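The same chain A turns up in both complexes below, where it pairs with chain B and then with chain C.
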Partner chain A sequence: MKTPLLELAAVSKHYEVAAAPLAGLLSERPKVRAVEGVSLSVAQGEIMGLVGESGSGKSTLGRLALLLEPPTAGSVRFAGADPQADLNAFRRRAQMVFQDPQSSLNRSKTVGEILAMPLQVHDVGASRVARRARVAELLTSVGLRADAATRYPHELSGGQRQRVGIARALAIEPAFIVLDEPTSALDVSIQAQIANLLVELQQRLALTYLFISHDLRLVRWLCDRVAVMYLGRIVETGSAAALWQAPRHPYAQALLAAATAERAAPSGIGGEVPSPIAPPPGCAFHPRCAFAGPRCAREVPASRGDAQTNVACHLYDGGVA
Partner chain B sequence: MNRGKTIGRLLGIVRRDPLAAAAFLFLLLLAIAALFPEQIAAMSPNRPSRLRLLPPGDVYLFGTDQFGRDIFARCVHATSVSLLVGLTTVAIALLLGVPLGAIAAFRSPGKIDSGIMRTMDVLMAFPPIVLAIAVVAALGTQDIEIGPFTVPHITKVMVVIGLLNVPKVARIVRASVLVERNEQYVMAARAVGASEARVLFREVLPNCASPVAVYATLLVATSILTEASLSFLGLGIQPPQPSWGGMLADSRTYVMSGQWWLTVFPGLLIFLSVAAFNLAGDLLRDALDPAQITRRGDA
Partner chain C sequence: MLESEPLFRVRNLTTRLNTEAGAIVPSDSVSFDIAAGEVLGLVGESGSGKSVTARASVRLQKPDDAIKAGELWFAGRDLRRLDAAQLRELRASEIAMIVQDPAAALNPVMTVGAQLTRVAREKGMSEQDAAARALELLVQLRIADPTRRLAAYPHELSGGMRQRVLIALALMCKPKLLIADEPTTALDVTVEADILSLLDALRRDLGMAMLLISHNLSVVARLCDRVAVMYAGRLVEIGPTPSVLADPRHPYTAALLASVPRGAKADGPLPAIPGEPPDLARLAPGCGFRARCAQAGPECEKPQTLQQVGDGRFSACWRAIA
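Take a look at the complex of A and B:
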């Protein structure tokens, strides 16, 4: 087994809901349970997919993995150590590419300034000239012309902007990158280009990705392993091929059925995603699950399996009755 | 390299928007009048003569007042005080208001944010003219000696008006920073490992420059008005030093008796300079936003 680069252990993130000033006195403040007890390990050199509907907590999990937000509970380990111990070193090794290349690039800075910023923060490149050379090198490596450095983000197309976003993440030569829906804000034709670029960079620079997406076809094509999230929990983890061939969790089955027109739907999902403020008791998916039994409403299913392949469903744990 | 671009854009706008250009030109004239009053007005602003209440003519461009003083010379010599008060008060307001508002927004919600903003609310609650009157009444209209330094009366006025404007600036800055800090580039900068101070001052604040600069130019205008009001009430610039507000106050008995030039010229200058600063604010907003210009250019 490959050594894990990133390990999340029982990580949770709850947000307090802003309420009227005195409401907190009468009852407990409501909380959004964005991420609830998630364990996940990403091996060195692997592309790990993270899929789920909007609001399933996958982007929050991505931010927790990079400690951009402190987890409410649980721990994050990176390369076998606590990244909090040397946060600066961690930031050099773990980077992020954002969903919206419009918002993720500072509009008042040129592309060159945006790409030089990580170099300045980490004191890479002795001189201004050296930094400029590095910026040009970065631009070329993501398929842009070196003279793009003098342009402002609004002068670039969406695809070009996302290439700049990727170049920024690469600037300080990280080992691990969280890709938070890097293609979903782009045109379909551009999505393929960016996806190809990401694969090429991953192979050339031996990177490890946590690839967050709701585009299952892209995930299948890109990822080695996939974790499926529903309402803040990971319901199933497995190799992309296995998950695609034979999904085990009813939610994963329904998700794949929805994504593949040719596959007959074994169980359509009815109803809406419940509110993460008041998630259903037991298995959060049980109100919408075709196989749900009385036990599903009482007990939260434990994740069965190992770090590589697991499923959290009573169907595989002695039945739903 | 950014500065060159801003100036270039500024010139482009001036060409497209003649009203803004006129405002800019007027402000330039005011600046020249403020810097070189002697070169522009040949007469003394303060020496009385027997030629009282002369209507505007060849020699006395704006006429003379009840003491036979040249109104043109008095208007020109009052320019520097008005501009000085306007710019200094705004500088004081920006110096304190920008960091206070920015820090409040970055620590929002929380005790620091509440503490700063409630203090600002208290300051906001004072009626500015009444507070200025109270301060001047307490400290008097004479210069104050503090050790070896002499604090001129006008400095007190500027500090009071400046402090009263701090909450307005702080609110604008806080609101802009609150919007900006939700942009993904802020999280991107944090992900890269930038310090909080770097994120706030190097990444976020430059993007708030445009609303703040626009508001600051509007504040120059209101500060000029406040100074004029104080001088009108006899609490601002002290005679015989000329000021637009003071000239209005001295001339009010002549409004009804037909000597309109005593009132109209200082009044017009107050009006025009306030209007010019407001127009310049719009111009600045366009010049500071690189995306806006490209969009305009494309259209």
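Take a look at the complex of A and C:
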């Protein structure tokens, strides 16, 4: 097994929600359980996919992996050490690309200034001349012309802006990048260009990715392994090929069937995603699951398997009765 | 012609809009038919003109004078000759529309029930009948606990539920044509599957025709009898969905289909379309796709028009026609 670069151990993130005035005096404030006891390891050089529907907690997990927010419980380890010990050093090695380059790029700065900023903050590229050369190099590496440095974000197309977002993440030569829906805001014909660029960069620079997406075809194409999230928990982890061919968790099965359907057909999981403020007891998926039994409402299924391949469902752990 | 008149006939629809970047032509001589009960998909990327075309085809595009030329026939009526009151009447009874973002299309300060019954009341239905029809629709749309939902405000509902309410609103008066503009784009894949299956059941049960606008080929494949592909303000291909998807006759359709990921990255890079969609304000004559087309030649600089290339199939690429 490859050495893990990122290890999340039983990580949780709860947010307190604003309650009615004085309600907090009487009882505990309600909590949104965005992420609940997630363990995940990402090997050096691996592309790990994270899929799930809105509210599943996948973006929150991405932010926890970068310690953009502190976890409520659990631990994050990076390259075998506690990244909290030297947060600045960690930030140099772990970066993020956002979904919407329109809102994640400062509109009052030129592309050159945007790309020079991380170099200044982290004090890389000592001189102004060296920084300018590095900016030109970055632009070329993401398929833009070096003279794009003088342009403002609004002068670029959506695809070009996302290339700038990627170049900014690469500026300080990180080892690990969290990509949160990096192609979702782009046109179909541009998505494939960006996907190819991400693979090319990953291979050339030996990067490790955590790739968050709801596009299952793209995840299957791009990722080595995939974790499926539902209501704050990982329900299944496995190689992209295995998950695509034979998903085991009933939710993963429904998700894949819905994403690959060729005819209009119901998803087979009626109802709505329950509120993460009051998730159902036991397996959070049981009210919508066709295979659920009494045990599913009683007992939270433990994740069975190893760090590479696992599933959290009573069907694979003694039955649902 | 002896064949029966289609429900909806659009001929040479041309629109012009003034933007900051200059005048653009979002729809350039667009023609299509929709038969009663048929679902036509209109596919294109953002800025291809598909939404403007769909809205202008039923004179919903603002400003209305953006429509520069063309014929619009709906159930034997010439839509371009109707005045504002007649158009409003038509939209209240025979043509309905649902949009991508139901949160913006629903009134936030009215309950779901009040919004549904108001539409029917305007049509002269009694309060009682309107309430009964609203309840019946929510049941038909498989909304759990329908009585309670009628009393709810839009913000109390999930995205999928709001989209169902919007569909119910569109169906209150049993329209003959439903225009659905990216109806599932804002939804999760499992909810999308449910909404598409619902729309499919409705068109079968009610015999309702549909114009489905989408950037997503998989959505179109699941629901549409025929598909029209739009690029840079023009239709480049139209035909029965299975044959267009299996054997595209325009290089843009082919490239779009090829760029959808199918295998794994080990199989090689995705066949991406190079370049970017053209700026409509600076569109040169000739094929709009030629700058990105691997097969482009001097012939492509001449204006291209849709021509028949097979059974029910039309392409605007001279190579397909020749």
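One rule holds in what follows: the second predicted complex is superposed on the first by the 314 of 321 C-alpha atoms of A that agree within 3 Å, B and C clash if a C-alpha of one lies under 4 Å from a C-alpha of the other, contacts with A are read in each partner's own complex, and residues count from 1 in each chain.
One rule holds in what follows: contacts are C-beta pairs under 8 Å (C-beta built on N, C-alpha and C of every residue); 3 or more make two chains touch, one makes a residue touch a chain.
These numbers were taken from a predicted model, which means no experiment stands behind them.
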item: Which superposed partner A:V199 touches (first chain B, second chain C, both, neither); value: second
item: Chain B versus chain C as contact partner of A:H122, first or second or both or neither; value: first
item: Partner chain(s) touched by A:P247 [first = chain B, second = chain C, both, neither]; value: neither
item: Superposition-derived comparison: chain B or chain C, residues of chain A touched; value: C
item: Partner chain(s) touched by A:I190 [first = chain B, second = chain C, both, neither]; value: second
item: Contacts of A:W221 with chain B and chain C, given as first, second, both or neither; value: second
item: Chain B versus chain C as contact partner of A:M96, first or second or both or neither; value: first
item: Chain B versus chain C as contact partner of A:L255, first or second or both or neither; value: second
item: Touching residues on chain C, where the partner in the complex is chain A; value: 45-46, 142, 144, 158-161, 188-194, 196-197, 199-200, 215-218, 221-223, 255-256, 259-265, 269-274, 276-277, 292
item: List of chain A residues in touch with chain B within their complex; value: 18, 63, 66, 68, 87-88, 91-92, 95-96, 98-100, 103-109, 117-118, 121-122, 152, 154-155, 165, 168, 171-172
item: Partner chain C, residues of chain A touching it in the complex; value: 53-54, 157, 159-160, 187-193, 195-196, 199-200, 214, 216-218, 220-222, 240-241, 254-255, 257-259, 261-267, 269-273
item: Parts of chain B lying in touch with chain A, wherever the complex brings them together; value: 109, 183-185, 187-195, 198, 203, 206-207, 209, 290-291, 294
